[in-house]
Amino acid sequence: MNSDHMLKTLAARNPVRYAGQKGFEMTRRRLLAHLGAAGALALTGAGSRAMAQEDRTLNLLCWDAYADPRLAEMWLKDTGSKIKSEIHISDPQSLNRLRAGETKNWDFINVNDPWAKNFFWPEKLIVDLPRERFDPLYEAMLPKFKPPYARAMSRDGQHLLGVVQRLETFDIAINTDKISVEMAENEGWDMFNNADFKFGVLAYEDWNVMDLCMIAGVHPYKDKTEADVAKFTETANRVMKQAKTVTTDFVQLNLAMLNNEIDAYFCGGTYSIASARREGNNNLWAISPPKGPADGKGGINWIELNSAINNPNPNPRAIDFLEWITKPEQSYIVASGNGNLQPVSQMAQPEVLAKFSKEELDAMQFDTLDKRLAAATEFDIVPQYDQLYDIYAAAVRARG
Amino acid sequence: MKREQKAGLVLMSPPVLLLIAGFLLPLAFVAYTSLMPPRTFGFTSNITLENYVTAVRESYWRPMAWSVFFALATTILTMLISWPIAKALVRKSRRFATIVATMIAVPVFIAETVRLFGAHLFLMPRGGILAGTINYFFGIDIGSVLFTPLATLIGLLYIYLPFALFPTVLGLSQVPADQVEAAQDLGASPWQQLRYVEVPIASPGIIIGSLLVFVLVLGATSESHMLGGQSAVPIGFAIEQRFNYAQDWPLGSALATVLCLITALLVFPLLSRLDLDRLFGR
Amino acid sequence: MTRTDTILSLRDLSRDFGGKLAVKNVTLDIREGELFTIVGPSGSGKSTLIRMLAGLEIPSSGDILLRGKRINDVPANRRPTSMVFQSLALFNHMTVGDNIEFALTVRGEDRQKKRARARELMELVRLPADYYAKSVTRCSGGERQRVALARALASDPDILFFDEPLSAIDYRLRKILEMEMKDLNRETGKTFVYITHSLEEAMVMSDRIAVMRDGEIVQLGEPLSIYNAPASRFVAEFMGQVNLLGVEKDGHGMVLKDLTIPLGAGIAATEGTWLMLRPERLRVLPENGRADVTFDAVCFNSYLLGSRTHLHAKMDDRTFISELDAGMPPPEPGQRIRLGFDWSDAVAIHE
């Protein structure tokens, strides 16, 4: 392969920058540590209440882009207070942390909408937002987000749980030197049923369950029949066994594609390939199959909700931050923060769009976003998720 | 109670309390959580052994077996690699020892993921450092072990060698040179010198090193993530899955408890044989 | 086998430590069954020499011949020799029995045979039988000495090397062990090569002694011949308690330097020669006692050495050592005394 590309890819992968991000585990140890901390807190009662009161620093539990230091600088300039951020490991991991009593440590979180809707809100880990203040923000987004936007609301439709910012479809990443875009879109998820296909799996495991549904030809978000479960089981065992590699680090998967070890991977999207594309690897391409088992659609569209945490001692600026972060300059940083590129719902505003260079828009395949969104069903809760997940996990264990 | 005893108790109580709060209590939480119904949160009185039944019935023996295999293989191999290095460190000049020890110790201060990513680049096919260099000079494509259990094992050896090496150095430094010479003089071959003199005297260091490596590898997950492509799933990852995407703390806790028990079963008999006094030269 | 057969020959043996010659061209024959002692101060190369003989050090040049066969390249574990180390180097993680049996264990002997041999050796070195299962760390210094000896003997070696094994033992016990060493040499009939920095120790037990200095052998001979005729001032001084009198030239011919007394007849000396006078030959003269040479001195102090008494007397800044006759009361410190000796008792040392 082109050694220049390799170097650029490596440079883009400054691993220190990613330490602690999605895919960098230590989860078990950290979890045990937190369990320990929770235990100690339960014993001493008080905890760190005093600490939260003194310093009105805004604490973010967030994905990488929100940890961009430029945001912290701007916030300091605008409000005179500081931002401290920690990058999540996964939605469920952060759920565990808040459940274990960390709500007092955090003011802001951003998670995928089903997690917010089905866990964080019912368990009172986040607060709802005043509609009158936040509906105008939704008006300024792409048309599909017109308020009240159901995915941002609680299940009963009564409460606004957060602000949509980052969004994307997240399905399949391919190497166009090996597979043409047309062919990939035509074959769609069925590609992975091909016994000689060389592919990898990005182990965002809730996504993997949905993807395996798609590969099995089962609607991920509808109730499964026994036959569906059987189909899923067979597919999961076969596909996970056939996968060349299963990893939570998409840089590894991009490298494996560039090295021709694999020709595609699921789950993948511009979120996982944009930084490699920006470094010149234009043969990496994200597709969302236009046809598939989800009411005819093959893609899955996710959104993240920016929410305020139900801190027992709420930070008065937490709500302001949710609005502040959607301003043009801030939106641009969120979309390009920390080296990744990511569409944001605020790109409907010309003022925001103008901040992106042509290269950046190319890297995030912005011109295909509408097409991919049109091909995609909305990320939702998977019925029988527990059962399917256990089948999936057993299939992963059966790899070795 | 004598006055000194009283003072001893008072002095001992802070660390003892800290141990109870920071070490035993979390373990107790884990153990209790493992008795809760699957996929529930919080502590109730609905105690059940269901999770243990699941742990046995489902294919969790696979990751458990892989982890035990990796732990054993890594322990044995790091020990075999450490021995000659440790011997050179103990016998050779101080300057040589300092250089080698620094070269081995410094990477320990670099994040594990960073080092493993380096190993990933090293092992990559074609463009990788190893395969690329061989290809460039000899025109041979050696392929790659990346995404195989062997790659995981290589990563484990790379990460855990220092944990085997330094205790071995400590152990070997307890071996008097004259006793080795005496053994040789009395007719012992190099192998017999090792077996009858060096290993028995260095055994506290060897035991500590082996225990460290064994226990750490038993819980290790990064190597399989970053090099092995989960071609063999370690038990740590299977536990992590239960806590994470499965949102099943009780089964995760049950698996963790089983792992703790296996570890304790292996570790405590060895620990009881350890003469710390001798190791610290008392 | 007779006691004059050579068992071990050293031919031009040298050991170079990075430019520094620790042992220089040593040529020596050690005889079958003798107790041969190499004596020298620290740094004289005696340890390096014995380590080469045992196979623990490789000669830089020269040959070691065991019964005529060159063994330079034979490693220590394949040589039919054993060594008792200065530190004893007992295996502290083993029992007395395991230590003694070690040579047999590595040879693969069966348990019964090993045990029988250990019992036999323990008896030989006078260790109680119930010490068999005792840890060596719980033995006293003398007992450890005996364990080391038994361990070295277990393999029935042709030669036993001793690298100053008694140096850390207290005086009284050392005296006993020195004699036992000599007895053991007779009882076992084995060749002992012994290293010590104490010529006194060497004198007690050796058949022959080689004195080493700076990597070379400066005198080789039987104890008495060395005692009576040290070949050099170094050897004489090394013997410790002797009087050395310098010779110089003045108007009348050769005189004793400090006493300014002309040399007597029969003493062939030139400038730089030294006269050695043993303490027992320099007498404290009674009122009307006579000697070839007499001079006055002041008693400095006297030391009771068992049955003997040594007197240190000063004349100006020089100290003389005299041994008092048995039963003679020592003079008081500060008392003026008359010392004397006969020319026939003085030994001329030309080097």
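To keep things simple, chains are lettered A, B and C as they appear, and every chain counts its residues starting from 1.
Quick note on the criterion: a residue touches a chain if its C-beta (ideal position, glycine included) is under 8 Å from a C-beta of that chain, and two chains touch if they have at least 3 such contacts.
As the structure is a prediction and not an experimental result, all values here were calculated from the model.
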Contact network partition after chain B is left out of the picture: A | C
Of all other chains, the one whose Cα centre sits farthest from chain C: A
Chain ID, smallest distance between chain and overall C-alpha centroids: B
Centre-of-Cα separation between chain B and chain A, whole angstrom: 33
Chain centre separation in whole Å, for chain C relative to chain A (CA means): 86
Inter-centroid spacing, chain C versus chain B (mean Cα positions, whole Å): 55
Interface residues, chain B side, partner chain A - complex: 21-23, 25-26, 29-30, 39, 41, 58-60, 62-63, 66, 111, 113-114, 117, 120-121, 124-128, 144, 146-147, 149, 219, 221-222, 225-226, 229-233, 236-241, 243-249, 256
Chain B to chain C touching residues, read off their complex: 176, 178-179, 181-189, 192, 196-197, 200-201
Residue ranges of chain C in contact with chain B within the complex: 54-56, 75-78, 81-83, 85, 87, 89-93, 102-103, 105-107, 151-152, 154-155
Touching residues on chain A, where the partner in the complex is chain B: 1, 3, 6, 10, 13, 15-16, 18-19, 23-29, 31-32, 35-36, 38-40, 43, 89-90, 92-93, 95-96, 99, 200, 203, 205-206, 243-249, 252, 255, 258-261, 386, 389-390, 393-394, 396-400
